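Across the two complexes that follow, chain A remains constant while its partner is chain B and subsequently chain C.
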Partner chain A sequence: MVSLSDHESTSRDGGPGGAAPAPTLGDRWRALPALVRFPLAAVAAFAAIVALTSVTGPTADLRIGSVGYYMLAIAGLQLLIGYSGQISLGHGAFMFIGAYTVALLVLNQPALPLWLNMIITVVLSCGAGLLVGAATARLHGPYLAGATLALAVGLPSLTVRYPELLGGSNGLAFSTRGAPASLAGVVTDTQWQAAAVWLTTLIGLVVLATISAGRLGRRMRALRDDESAAGLAGIPVGRTKVIAFVISAGAGGLAGACQAYLLGTATPSSFGVTLSLSLLAALVLGGLGSMWGAFFGAVALVYIELWGEDLAHALSLDSNVANNLPIVFFGVLLILIILVWPRGLHGMASSLAGSVRRGR
Partner chain B sequence: MRSRIAPAAALMAAALLATSCGGAGETQDGAGADLDVAPGVTDDSITIGSHQPLTGPAAPGYIHISNGARAVFDHINDNGGINGRQIDYVVKDDAYDPARTIEVTRELVHDEEIFAMMSGLGTPTHSKVTDFLDDEGVPDLFVSSGALQWNQPEEYPLTYGFQVDYTKEAKIQGQYIAENMPDAKVGYLHQNDDVGRDSETGLEQYLGDQRVAVESYDSGNTDVGPQISALQDAGADVVVCSCIPAFSALAMLESASIGYEPQFVMSTIGADSATLQGLLSEFAADAGQDDLPAEEMLDGMIYTGYFPSVTMQDDPWVQLYSQIYDEYGEGDTPMTNTTIYGMLQATLMGKSLMEAGDDPTRQSLIDAVHEQDLTGPGLVPFAAIEDDHGGYSGAQVLQFRAGEAPETLQEARITDNAGGEITEPEFERPGPEEFAFHDE
Partner chain C sequence: MDQFIDLTLNGLSQGAVYAALALSLVIIYQATRVVNFAQPALALISVYIAYTVSQATGSYWLGFGAALATGLVLGAATERLLIRPVHGRSPLNAIIVTLGLLLVLQGLAGMIWTNEPHSFGYPMDYRGRFSAADWFALGSVGTAALLLFGLYRFTPLGLRMRAAAFRPEAARLSGVRVGLMLTAGWAIASVIGALAGMLAAPPFIFPNVLDEVFIFAIAAAVVGGLENPFGALAGGVLLGLGMSYVSGYAGPELTTLAALAILVVVLSIRPDGLFSRPTARKV
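Moving on to the complex of A and B:
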């Protein structure tokens, strides 16, 4: 997963002296073509996840799975915000589409294989992304943010409008198949589900990373830095923006599908504005402009509240304070990190790594 | 290490891809879980878990449920515990988000190793974990919701309801209105989810001919103006409100502001007078009216109830709960009916654990629930037997009086949630001394 690090247009590498140092292992790794590097990294990451879940319990497996789908959603948002510079406050809406697609497919067509459900989800959410992206391509900044926010507010209320189909405010519940019977005793259901979520996530990430490392990614970054300049340089501004929207919607939908598969439920209250804003906050906390930011953001989203809860318990506070401490904890951490390292946790990690390297 | 993980991961990935060709929705049911076990029970403690909204939009109303339960458990622990054991009450915050409920419930079962789940709150939330609790063999007692689905012994043998379900309550309201106000034109105001649907089923059995309007609201939208106007236009002089407290208050304010004064009939879920007064004053203050006589506004409101309300100061159980709350409650928050709701659940839990014996197992807890008469502090009989997990099985009809104890318009009646008759039950309501829910 080393390969998922910066694809900034300017290289951070190379010492102040400017003389080329002897190629290290890292340099040789970075010299590999993206199409080889990203899948290899994904395989290594998958191995790490399997190793990790083989020693953890069912609750931890669930959390590890949650980190997976959040990472996919945040990575999609990263492509949209961090690379193409379009702000979306409504990304949870695409997770909503993904989750309900899987829920409806499992309930109505239980014999369809999971991978086909996932593909249908990606197609549908990309379609939704195309509609929204085309409608909002001329908007930017606060106008785009407002339009996408409306999406996050409005879409979940569809469930109340069509209660027979979408289960109303109670949502849909279903059960998905766990580990195959032949593996009973070797792999638990939760391990299996976490592995399936991460396999999906990693495939998605490889696609996202490959796109952002390639020509399309360069165009997006050019757009982000200066839209007029990019247009003058011959980059089709509108089309690139819409494509970024479509891809990130697909990632969001797939993340929602993974969540529905992992939890066996799709409920409107899980996909409110809070989710969209949490994804954005996690992205900023993790670090804008790098796929690693998505990873740090997802870990923070899942674990910081837990740590906050543990802290509240340890301090044995008044319950009103204790109940809200985890959220405050997240907020304070967000402010502190952004003050000290504007590029988020990823910025912190890379500047620490940089100082270690220089010290060497 | 690395050399063994890589092939394992490769195998796993291959297996995942190969088996993902099967249907995603096929599940095979395992055998029932073993109940002759006692996780969470040590020599000196029993761990009981619950999921509640402690933060988020549902928290301000419902947080008092776990506060009430905790106060009673503290009281139990300081008075000798249960069969020599202290109760360890673990509440996890799910923020009323089903995704979080699933997570915290697994945490309670796998990490905290709870002996039983008590009072899991909410229909959208708790309905997502009944399967899981059943598979894991965790007794799922006294669910905090009036949905009909908790009473499905065949499907969920370990899940037990608590509050009177929405249909039973609506049948009793419907019959009362039909008998006592036969000429009234009746309008319904519903929450557009299972609360509304289940209530309407019950009301229609008795009020089909008198009903002139059915309006519903979406809990995300706080403007009930159109619905109230529609009820007024239809000429409804009785409005049955199957609403949560915020919307009971909004409906009352809205009708007062347009000079429409129907007789309101409230369901238990939205009739907590203390909560309503607070909400009325708050909403009025937001609209620039600081001197709203909230208590007078509620005067005359008819509501159904199945447990003693905080205004019944002569009731021995309310007196005991007030003492407990003074000692263990949350500082400056006054006791409300919602607090009593949680206290009642903890009392029934204590009673069941007492009867489960010196060496309780999950099976002996379930047996104790079946064998005991759990009516306790409630005003109507409690159903928890092999084939009826319904909880409180009926309601009284009461009328709120400003500054006084509520007036009982009709004593307890019980019924079922289908087409059955409404009957007057024979039961004895024990006082606190006769209902041992802790040692001594």
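Moving on to the complex of A and C:
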């Protein structure tokens, strides 16, 4: 089910001139234990990101960074929805917690290094996930969806309640150290930021992928497929559900931390219902049940909006139409994907790859 | 004591709006097992149509009628065109389709009527302790609930609709056109949704005006138990009252958190809502 390996094999299959030996390479890759395979893939991905940002400008760097943190958040949601079958419509709430934790830490404890802030964020958002998960462990389907939706709406209103601490509706603005002085001429600040976000994202993804490939992941999938049967087979249903919630909340919090670090702000308006729904939409768009779906979903989330803006410019549309074009486009895409291709972009990509392989 | 009465009356009229929207969710959930996240958008378009019609004709009530008619058409069209193709597949698929529709309709509303708020009036006087507008809200939702109860309980159409929802196969064998009944359910639900939108929108209408109301409505539906129309009404009133007290005594910023708290407390005692019967299931 975890298809980091799928993609590796297809990309190698598609390599130049590799007809006969390619499957063996893919097989050998898949035979590696998960603990070796996922970190290797992450190192390769990190190298690719560093290479990519070295040729792009500051705006593109920030955009690449946003793909990173969205991917992390969506992958966490994948673990929760795609693997353990619990529908959450409130994952933006954990990104909210992560973003505000980093903002408060940077403002109040400026001496702390970034990695320590990230670790504190993960601990805090996992704690929040434990609270929410424990409170909602007995809920299922639409009941869980309703409760998490209320969470997504309710939590950001805390900022208005405690304006001195959380900055009210304007949020908190802060600045972080950019690239270290020793690297001044080598990397720009935005390159450094994108690299830091992606490093965090990839570490998170390795953890998520390892978990979902292992015993816990199998338990979650058993739960998703049939809760009663899983219970009868001796799987601790409640505990597994809560653990899935905690891990997924941790990933969401970390993603929020990366977002705040990248943008230098944390504002309540960016963590509304729209964010939570976009994450879910991107997840389904990318494809449920595979970690690659998170990647496709994150790319779609960031770039569809961009293309929508470009298209509106190119056609010189009325500003009312232009402002609403991305959201309409996203909605249409979502409906079409579900009606025509329910396995999402990842399903589309892998069946295309499959037909190419068969055709050869 | 005066404040308590004010808060209670205010909570009741707000609760009526949540109850109406919750009712529209429950009718659809009963019939098709889908939580219709596009409900606020269907209601939004209805209210915008009402706005346009009242602007053109100068009559609130012509607009009101136009809103209900729009709701009817939109609900039926949604079921026919979008829900039927995914019906019976995973519940997540139907949820995603309705979310997609929500995005499309909200975006379209912004394109056509702009994202700027337009002023949108009350049908009657809204000032005072328990104004005519409050009475109208309470009265119209009560009437809608009674009509709905009458429809389900006493008419052949209602019987067929119930049969189609609970035993589709048996209903089909007895000659009920199940598909048509599901479409009818969505249409009726969206009319009630449009009514809720008309009550919730004033004094201003803009594309996101119903978002918060919808959150409370879904909380009300869940609190009452998604399967039970009376639960939706009771949940709406409970939520309206609870949030009114919290807003009055503790501060208006806490109302959404109060809704969450009510939800968590009720659901941790009864995971399927207040008015659901426990279900047995074959393994």
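Observations on the structure shown:
We adopt the following convention: the second predicted complex is superposed on the first by the 338 of 360 C-alpha atoms of A that agree within 3 Å, B and C clash if a C-alpha of one lies under 4 Å from a C-alpha of the other, contacts with A are read in each partner's own complex, and residues count from 1 in each chain.
Keep in mind that, in the parts below, a contact is a pair of C-beta atoms (placed from the backbone, for glycine too) under 8 Å apart; a residue touches a chain by one contact, two chains touch by 3 or more.
All figures in this text were calculated on a predicted structure; none of them were measured in a lab.
Steric overlap between chain B and chain C is present once the structures are superposed on chain A. In the superposed pair of complexes, A:P342 makes contact with chain C only, with no contact to chain B.
Using the contact criterion defined above for the overlaid structures, shared-chain residue A:L288 touches chain C, although it does not reach chain B. When the shared chain is aligned, chain B and chain C each come close enough to touch A:N323. Applying the stated contact rule after C-alpha superposition, one finds that A:T121 touches neither chain B nor chain C. Using the contact criterion defined above for the overlaid structures, shared-chain residue A:A181 touches chain B, although it does not reach chain C.
In the overlay built on the shared chain, the residue A:L158 is in contact with chain C alone; chain B does not reach it.
By the touch criterion defined above, A:P110 reaches chain B but does not reach chain C. When both complexes are overlaid on chain A, the residue A:V50 reaches chain B alone and has no touch with chain C.
Of the two partners chain B and chain C, it is B that touches the larger number of chain A residues.
With both structures placed on the common chain, the touch criterion links A:Q86 to neither chain B nor chain C. When both complexes are aligned on chain A by C-alpha atoms, chain A residues 157, 160, 320, 323-324, 327 touch chain B in the first and chain C in the second. Looking at the complex, you find that chain A touches chain C at residues 81, 87, 135-136, 138-143, 145-147, 149-151, 153-155, 157-158, 160-161, 226, 228-229, 232, 273, 277, 280-281, 284, 288, 320-321, 323-325, 327-328, 330-335, 338-339, 342. Considering their complex, residues 29, 35, 82, 85-86, 89, 91-93, 95-97, 99-108, 110-112, 114-115, 211-212, 215, 218-219, 221-222, 226, 251, 253-257, 259-260, 263-264, 267-268, 271-273, 281, 283 of chain C touch chain A. For chain A in complex with chain B, the residues that touch the partner chain are 43, 46-51, 54, 57-59, 62-63, 66, 102, 105-107, 109-115, 117, 157, 160, 163, 168-171, 173-178, 180-181, 183, 187, 192, 195-196, 199, 259, 261, 263-265, 267, 269-270, 309, 318-320, 323-324, 326-327. Touching chain A in their complex are the following residues of chain B: 5-6, 8-10, 12-13, 15-17, 19-28, 54-55, 59, 63, 67, 93, 96-99, 102-103, 106-107, 110-111, 123-124, 127-128, 131, 192-194, 218-220, 330-331.
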